[in-house]
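So that you can tell them apart, the chains are marked A, B, C and D in the order they are listed, and the count of residues begins at 1 in each.
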Amino acid sequence: MKAIVVKPPKPGVEVRDLSQVIRHGSGTVKVRILENGICGSDREIVKGELTTARPPEGRDWLVLGHEALGIVEDSSDPRFKPGDLVMPINRRSYHGKCLNCLVGRPDFCEANEFVEAGMVGMDGFMVEYWYDDPKYLVKVPKDIADIAIVAQPLSDLEKSVEEILNVQRRFIWTCDDGTYNCRRSIVFGTGSTGILISLLLRTVGFEVYVANRRDPLESEAKITEEAGIIYYNYSKDGLDKLKSMGFDLVVDTTGASASLIGHEVEMLKPNGILGLFGFPSEGELTLRYDVIQRFIYKSNAIVGLINGQKPHFQQALAHLAQWKVVWPTVAKSLITRVVDVNNDKELLQVLNHKERGEIKVKIKWS
Amino acid sequence: MKAIVVKPPKPGVEVRDLSQVIRHGSGTVKVRILENGICGSDREIVKGELTTARPPEGRDWLVLGHEALGIVEDSSDPRFKPGDLVMPINRRSYHGKCLNCLVGRPDFCEANEFVEAGMVGMDGFMVEYWYDDPKYLVKVPKDIADIAIVAQPLSDLEKSVEEILNVQRRFIWTCDDGTYNCRRSIVFGTGSTGILISLLLRTVGFEVYVANRRDPLESEAKITEEAGIIYYNYSKDGLDKLKSMGFDLVVDTTGASASLIGHEVEMLKPNGILGLFGFPSEGELTLRYDVIQRFIYKSNAIVGLINGQKPHFQQALAHLAQWKVVWPTVAKSLITRVVDVNNDKELLQVLNHKERGEIKVKIKWS
Amino acid sequence: MKAIVVKPPKPGVEVRDLSQVIRHGSGTVKVRILENGICGSDREIVKGELTTARPPEGRDWLVLGHEALGIVEDSSDPRFKPGDLVMPINRRSYHGKCLNCLVGRPDFCEANEFVEAGMVGMDGFMVEYWYDDPKYLVKVPKDIADIAIVAQPLSDLEKSVEEILNVQRRFIWTCDDGTYNCRRSIVFGTGSTGILISLLLRTVGFEVYVANRRDPLESEAKITEEAGIIYYNYSKDGLDKLKSMGFDLVVDTTGASASLIGHEVEMLKPNGILGLFGFPSEGELTLRYDVIQRFIYKSNAIVGLINGQKPHFQQALAHLAQWKVVWPTVAKSLITRVVDVNNDKELLQVLNHKERGEIKVKIKWS
Amino acid sequence: MKAIVVKPPKPGVEVRDLSQVIRHGSGTVKVRILENGICGSDREIVKGELTTARPPEGRDWLVLGHEALGIVEDSSDPRFKPGDLVMPINRRSYHGKCLNCLVGRPDFCEANEFVEAGMVGMDGFMVEYWYDDPKYLVKVPKDIADIAIVAQPLSDLEKSVEEILNVQRRFIWTCDDGTYNCRRSIVFGTGSTGILISLLLRTVGFEVYVANRRDPLESEAKITEEAGIIYYNYSKDGLDKLKSMGFDLVVDTTGASASLIGHEVEMLKPNGILGLFGFPSEGELTLRYDVIQRFIYKSNAIVGLINGQKPHFQQALAHLAQWKVVWPTVAKSLITRVVDVNNDKELLQVLNHKERGEIKVKIKWS
């Protein structure tokens, strides 16, 4: 059985013939892989840079892949039938004891104890087939199969937006028409994450700016235009202008220097919130006492955002279906490259390098 | 009519005979002052250090005092009768247009536009009598008149705890018995604010540490012992131990250097929250990128906390009544000094200097 | 200017040439009508049976029509441009003073004071063009124009589901995977309302039964099959079986006899909720004391459900877009008849009679 | 070891010397009984009328008593020390598997599976001592020991008020000053339950009417006067007047005929809610279709209310402490009779008969 295998923390990746059968939880549903998505985390593992990555206990290798679309081949669970399209949830409860894990929300595990498919202590889905637990499988409507793979990264952002709206329930944050249409948001970063959360905030009704240090690529220009998102080049137009405009919501997805966060804090309007999604990879956040005074005075909040669970996968699939209709150009732009799993050269290339303008690269099994 | 008057932003304070009658809003209830409380904000105004302080429009002076207990002398509102004890709300809506102001919560004013009695654009309550609006008056039970003045500063902390619990509703934060008894909190600062929020968190059911850079004063020792609060001297026992213990809730009330906040962030357990109450007066908060990574990974949050409104005054009075019974020593320790308004020398002294171990100083009118 | 006009409480309807220009609120956006929907309320007005119907003050006639899709022809509001497709909100605040009205939610008006376009004190939208207030206009994506008219009745059900989920927040109602997939619901009635709320509950993740006293029509069979809804003929299979199965959610949309509600109460599982959407038109609800005992013991709830507002229109349009992709047959089945506004005979027919299997009849203007 | 024992479903009660040691759950805390409370449920068991009552599995007898105050005699749990006053929680999870049970809220058990001390499948606390599980013990401040026994019945009402406020969060129910002071409530029934929930609603800030079919007893008059509650004799002043006044909240605690509930529904203002606490013991609720139409149109709700858990016991103790200070007459009136456990005659009398004006009868062990 063909599989893409890594040996974290060592760098490297190989396509291998696996003798072992992969089985998760009850394992009552046999899933054949159709497609995998690739993202920055996969590449970090391949490069040996993701320090939290580790194989399941008792061996030195791990099947890669946390983004997957599969088809049910066999099932002893009445909720899944052969031919059903499914996506597996990638983060799963490990100890299963804290209350948030028990209610199906290991994204809020109090012990920070969970396994992550293809990353931390659990095999991923870049493998011909595996046996899975129905609890961690989400059904995928056939008519969105072409872009469904995006639902995994999108699920994290569904959870993020849900969490932001929940934090803001401590006061009235809806507008005088009951919507969020009067709320102004800005997303820093135009990678896959930045684009997807911008689309989501637009869907929820926000005015949305998306910011990067350069002019938009053609693909970014098309997406933002169709979705009514305003692109902002802050290397050209500056951060100060954003501070004087003020935002109800700032989301950082850059994964770049922590120093940017200091500027983002100063962009918050009264009651405004800063959501941190991307892990900064260097630098320091510095806030002078008077900036903190204003943060307090304005009832501001900062919140760390990670990981979607089953309800967020389902919501992500619903939004992808909606986008296919209301933003057809956006929907078509989400998959920026398709690689045949049998094309070893191209496969290794996409597993090692991010392309300019990449939103989602997918590997097609056949 | 005797009044204590300041002229912000100029330093200084004087006891003056006022010819002008003070009237707020509808002014349908005449209130005679019984007692005023004094806090750090009053002293900052007297010293000319509170830069946001300003008189009502059109004049250069302001009646001081945002903490007050009065008695109704006359009322055309059926809800208030002569002889009723009342406390006035100090922060009030100015423009009255944003939704949070309209629902009686100018603490969350989106425009950050409000007046604050005795501080910002509105006369305070250090005056023989004034006419007030019933909307901003809270009834005080006679049997807690002796400590009721504490309800004003306590109201800010009632709001703070309410806000913290609301932010934490985004996951399950109650324990497996439905209470908050398994949650560990730490409060930095043992001034009036630090003591009061520690008592409140204990009342809500938290395990509570309160931290300062020195051993506890005798008064602090008595209070923390009776209320089951653990006193922690971090200059002796260190901040690292607190980081390795981990806390579900950290509250900063020090108003000291912003640099302490960086340490506080590192004390948060998964799902933990840092509430910033006191305005830091100097220094910088610095967070290295890896600290921010952990903040995100743990779904942590930071939130700025200010200002209680009418529901919080009512809740504060309820808690003071409760404390009189369950923590009699605590209740007796809250008023650390009483000054006769006619004793000019002592009056000026307490308006200018904070005493060691001070919780609440009150001025008695007669 | 052509308009369809009624004179409630008198029966009758006429197509008339109107000299008067219709203007609502600020009236800064000129909207040309494209389509109207017709529903049971319109027919009750035409028959003189809707006793709450009344013209605007000062005249004896009213433009009919609360379901409308239009195109912006002229606008002095920057948010709306000529060529934009829009839907008007039909229920609007009248007095504008209660807090729920102020936050844009007159569906929860405390005074029960509002106007309803084409029904109560406000002209409707069966008119060539009118001037409207941007606050009450919702933008419609062009690619769902064909079924967008359904968003008006659907908005009521979006609000209903939101309200039900809010009431159920008093305990944990999500399942052990964080979704609502383990929750079983039943909707009584297969009219437009029954079908639409069934689809919505399915979208949210519920297991859904839809019940009527007869076998499904062919159109109903197609819809329920595609959406995975179970059709139940309770005249054949009985109500007792439903009582012994138990449901987490029962929704009544029958608008028939109140006596059915008594049976519905007995179908509730512990923590279950009964939502009443349709106004019963006759009969009595009778609950014996022991049924009420079980209702209390099981922490059950009954809630009245009415009227969606702007956020619900937006959500309805999002769901219609989603359904076009995931349930194409359903989407195509929603419009059961299109009538040319110039075909007087057919127009009068649909305004007077409901067809078997009707979901949504629309009038096309040209 | 002395114990008061019943043999449900058979009638009768006896004081017996028990050889068996009573142990619940982990049993790590030994509790010596100080006081028991008696209520209607105890008497129903004694009379053989509570059909749900049953002994623990495998025997035919049950220790009576679900209301208890004890003192810790021995403990291997660090949270409880000898000498601590404690109250045991009476309803406990049985299966422990549904999510609400897992988060410590068996009051919302989805399976309706739990045991109830002294009633259903679990020994009660009318016994010299027992071993208990710390999870189900609540600490009691010494200064409220005299009335602490009231916290058990009060806990049910704390939960009820919490649930009502949660259900009403679906819209803005607070007033324009952020409080509940503008909300008008009425409680039917002036038994222990009716009096306690009236006091609680007053504490939360509501305007409160309490209604019965007769003039108030002297004790009721004193309590309602001190707490500012309005007593209403509806046999004299009629139900129609109440319907035309309108109430935001109606609570039924009568446990009388279900027919009264029909009148209560008609008293609801828009957005109003009816809470059913007492089990009606006879009759039928009848609602004509037009009453149901208005119920729906006004967004009304009906909710069944039962059983408090640990957080509600803690809140009940807090309120009792508060009431001792703000309503001293009320506090003194709550215990209407104290019976020595060794006085067999009086004991049997209070176990069989309710006294006129009874609020709480307690048995004192010595």
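Simple rule for what comes next: a contact is a pair of C-beta atoms (placed from the backbone, for glycine too) under 8 Å apart; a residue touches a chain by one contact, two chains touch by 3 or more.
In UniProt terms, the chains line up like this: A, B, C, D = Glucose 1-dehydrogenase 2.
Please read all numbers here as calculations on a predicted model, not as lab measurements.
Undergrad: If I rank C-D and B-D by number of C-beta contact pairs, which comes first?
TA: Result: the pair with more contacts is C-D.
Undergrad: Looking at C-alpha means, what's the farthest chain from chain D?
TA: A
Undergrad: Averaging over Cα atoms per chain, report the distance between chain B and chain C in Å.
TA: Computed from C-alpha means, the inter-chain centre distance equals 48 Å.
Undergrad: I'd like the Å distance between the centres of chain B and chain D, where a centre is the mean of that chain's Cα atoms.
TA: 35
Undergrad: In angstrom, rounded to a whole number, how far apart do the mean CA points of chain C and chain D lie?
TA: 41
Undergrad: Considering chain C alone, which of its residues make contact with at least two other chains?
TA: 99, 102-103, 105, 172, 174-176
Undergrad: Note which residues of chain D are touching chain B in the complex, please.
TA: For this pair, the touching residues of chain D are 102-105, 135-136, 141, 143-144, 172, 174-179, 203, 205, 309-311, 314, 318-319, 321-322, 324-326, 328.
Undergrad: Going by the contact rule at the top, pick out the chain D residues touching chain C in the complex.
TA: Against chain C, chain D makes touches at 99-100, 103, 105, 107-112, 163, 166-167, 169-172, 174-176, 257-258, 261, 269-271, 276-277, 279-289, 292-293, 295-306.
Undergrad: Show me the residue ranges of chain B that touch chain C in the complex, using the header's touch definition.
TA: Touch list, chain B to chain C: 99, 102-103.
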